[in-house]
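Order of writing sets the labels: A, B and C. Residues in every chain begin at 1.
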Amino acid sequence: MTKLAYRLSDIASRFGGHVLGNSEVMICQIATLESANSSQIAFLANNKYRAQLESTHAGAIIVGAADSDVTTLPRIVCDNPYAYFAKLSSFLNPPIKACAGIHTSVVIGKNVVIAEGVQVDANVVIGDGAKIGPNSIVMAGCHIGAGVEIGENSLLYSGVVVYHNCILGNNLIAHSGVVIGADGFGLAMEEGRWLKIPQIGRVVIGNDVEIGANTTIDRGALNDTVIEDDVKLDNQIQIAHNVRIGAHTAIAGCVGIAGSTTIGRYCRIGGSAGILGHLQIADYVEISSFTLVGKSIKEKGSYCGIYPFSTTQAWRKNAAQVRHLDELADRIKLLEQQIESLKK
Amino acid sequence: MTKLAYRLSDIASRFGGHVLGNSEVMICQIATLESANSSQIAFLANNKYRAQLESTHAGAIIVGAADSDVTTLPRIVCDNPYAYFAKLSSFLNPPIKACAGIHTSVVIGKNVVIAEGVQVDANVVIGDGAKIGPNSIVMAGCHIGAGVEIGENSLLYSGVVVYHNCILGNNLIAHSGVVIGADGFGLAMEEGRWLKIPQIGRVVIGNDVEIGANTTIDRGALNDTVIEDDVKLDNQIQIAHNVRIGAHTAIAGCVGIAGSTTIGRYCRIGGSAGILGHLQIADYVEISSFTLVGKSIKEKGSYCGIYPFSTTQAWRKNAAQVRHLDELADRIKLLEQQIESLKK
Amino acid sequence: MTKLAYRLSDIASRFGGHVLGNSEVMICQIATLESANSSQIAFLANNKYRAQLESTHAGAIIVGAADSDVTTLPRIVCDNPYAYFAKLSSFLNPPIKACAGIHTSVVIGKNVVIAEGVQVDANVVIGDGAKIGPNSIVMAGCHIGAGVEIGENSLLYSGVVVYHNCILGNNLIAHSGVVIGADGFGLAMEEGRWLKIPQIGRVVIGNDVEIGANTTIDRGALNDTVIEDDVKLDNQIQIAHNVRIGAHTAIAGCVGIAGSTTIGRYCRIGGSAGILGHLQIADYVEISSFTLVGKSIKEKGSYCGIYPFSTTQAWRKNAAQVRHLDELADRIKLLEQQIESLKK
């Protein structure tokens, strides 16, 4: 693939920011400070990488206003270098576009509506009454259940499964192995045996959502499971039945969210965290990786519950005391009382 | 889909319980207290939702004996409202039934035995010598390895993979992305390189088991991995080689169980918990979410090991002391000795 | 399958070690001490199983030099019984070999190069320009993206997805549900909305790697995600963009590794552990199950951070104090000062 090159000044005209240094330098790709060559532009958005400025071979750099003088290389100075990088990279590396057409191997049910411009690849199976919106792409081997609706401009990578009646918005990206709408874990015990509770709700997904590989989102038991607009889910996340995730929330890999929990807008949840069921999490809550949230969170802010790691040897000694904390607290209390007596 | 409606008195005749209030009300669906309309029946099984009784528009309510007077709405009074709800919902929303037939795209090996009434959907691949029992459903894109046996009335959703020689019982439900019988993680180190240990056992699954989306159950190294009757597994669970899970045990999402561990009957394991390898867990053990079990559990009961979460600010202060617990304990001991001396 | 039988003395000639007891015994399979019969050989590699030596019906045993006298059964004495077992089992249970041929249902793009001896099963889809090396096996329903390169003797089980341009080495084993090369989780926030950062790197996998079922390895954001030679990954592991995993490292199930982290050679990481992003982990580091590593580790050794489990009753009492550790430490300090005063 030969890449088109763009003059640095033209990039700034298109995306904003002002140029310092040689504005004629030609740029055809984004790269890291460490690996960039003279036809590539790098960016400084994390102080960790500041030292690499001295040795970089980049043709130009994207920097924030406070860093306008950190290099003499040609540079674009802007407010948010990371967002600038995102936009410029999307321009230089545009998302794939649907190549309209339905592969001959595709199996299509009755009353399916496939809009104009849709691309459906080999071995896709589409159930009765499903609808796929304009310019969407359904890659090889996806299974779209009966009655499913997919919006426009959506992209389902190979092997995505969507169970019956789920609703997917516009501009969705669902990566391979994603399962949307499998039964929630609903069971009742009677006379020593489990009874299955039919899961008759759906999954309803808003616009501009991305779902990482092998993430699962269960259908609701009675009402729907809801993923609002612009929610971003990493890989291997498990979202149980009747969860609602507020708009613009981002969740890192391997997180598990139990049934009927509601998560607010603009939350950020770290990798392998967990949230128990039937809880309410406010807007703008940040939860650290590896933290289990066992109660509702009513105030925005940052929350954490990680056991600090150490050498196994040190851990053994300290962890042994965790099992005696209550007793240690009692002993401290007793000491305090004894000191008081002695003072008198 | 038009739903049939049933008189409340007829529901009680069929499923037990006694009716209070208008027994002529017609019911066609189950719903939550919050969303039910006048042709729907709701239930009260969790005190959290009691306040919703006042505002519900449900046509009738399922309540326990102790709650027979909490509402004046038409109601069915029974011993176990949650189980009653499960049974009634299964009646109103019956599970899908096999629509006998094998899609023309299905690829079938030699000596495969497919019983009467079996439904095999598009793009399924079935290996040599496999057997599928009466009235089972194998949805699109499943891969059934050579020598696999599937019982009757089982349901494999789209994209399930079953490796060679595994044995699956009756009434199995396996959701999309389930992988049964992949190799266990068996390695020996020699001269700085890993040697693979062939995994020659199978996975053997009893009757009435449900397996959630993207859950993986590895085949045994030498003997079999065994899932007993009525075990219920949620999504994204990892079950390593040679694990045995006792009948009626239920495991929530994202749990990992390491190799050769045996779990008893009627256990309940919370989400994202873990159990190390080569352990024995007794019957009727409950393990909390996010808890790692590192030793065998011989007594039934409830076990937990969660680091309590807090604001990140508070966590920082407290977690810093976790690394000094052993030293704190020593200091308390010294204080106690000093107090004793002072007292004398 | 009738198994060939081998004389114990012939086994020792082929794999080393010396025979004690009847060297004429005929062996056709490996088994555990507990389940072996007289035509099977068992092994003693874990002291936990020593008691089973007395009741075993095995025809012969593999033991270490220190254990040469623990049984009077025919036995092979060797340096590393577990590695011996691995090699003998691989001989008795050889890995499957490619049965050259491409199923008629396979969909192949332009300029694809499939080497001699390759087996491609039903419903595989191969993108433009992909290359598959000699004697590799691609099982049913795999999706190989455009420009992917797969080395020789590699084995992709049913349903593996490899995104465009990823590079896979020789002797790879990838189990079902593996997703290689999905987009990393790269986002920038601007004006209250997420911008997607194109993920233009690849995944590059060395030789002799095994990847467990449903494990996901994301492609790099700008540079590549790299898995070096002889790395062994269990099931349901999540490896984020731009991670590098050093040769011979083994990672157990359900581990999550965040973006841009580098892990050394010969590391061992326990199940459900996590490693935050942008960290460096030295060679020969062992990380316990359920441990979150939040800082770089510069020294080889064993590291741990597990909250110890107990009965829920005991946990409640002790965990309540975790939230007061900082205050407890202050109170101890105060007590020490008071004692000092009193002493004076």
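One rule holds in what follows: a contact is a pair of C-beta atoms (placed from the backbone, for glycine too) under 8 Å apart; a residue touches a chain by one contact, two chains touch by 3 or more.
Keep in mind the model is a prediction, meaning the values are calculated, not measured.
J.: If you fit chain A onto chain B using the CA atoms, what's the rotation angle, as a multiple of 5 degrees?
T.: The best-fit rotation has an angle of 120 degrees.
J.: With over half of the numbers shared counting as same, classify the chain B/chain C interface as same or different.
T.: Comparing the two copies, chain B and chain C contact each other through largely different residue numbers, since under half are shared.
J.: So the centre of each chain is just the mean of its C-alpha atoms; given that, what is the distance between chain B and chain C in Å?
T.: It comes to 25 Å between the two C-alpha centres.
J.: If you look at chain C, which of its residues touch at least two other chains?
T.: 105, 123, 141, 159, 177, 214, 236, 254, 272, 306-308, 310, 319-320, 322, 324-325, 328, 332, 335, 339, 342 - these are the residues of chain C that touch more than one other chain.
J.: Can you check the complex and tell me which residues of chain B touch chain A?
T.: These residues of chain B touch chain A: 30-32, 34-35, 48, 80, 82-83, 85-87, 89-90, 92-93, 95, 103, 105, 121-123, 139-141, 157-159, 173, 175-177, 208, 210, 212-214, 230, 232, 234-236, 248, 250, 252-254, 266, 271-272, 289-290, 306-313, 315-316, 319-320, 322-326, 328-329, 332, 335-336, 339, 342-343.
J.: Contact residues on chain B for chain C in the complex?
T.: Those in contact with chain C are residues 105, 107, 123, 125, 141, 143, 159, 161, 163, 177, 179, 182-183, 185-190, 192-198, 200, 214, 216, 218, 222-223, 236, 238, 240, 254, 256, 258, 272, 274, 276, 278, 286-288, 291-294, 301-308, 310, 314, 317-322, 324-325, 328, 331-332, 335, 338-339, 342.
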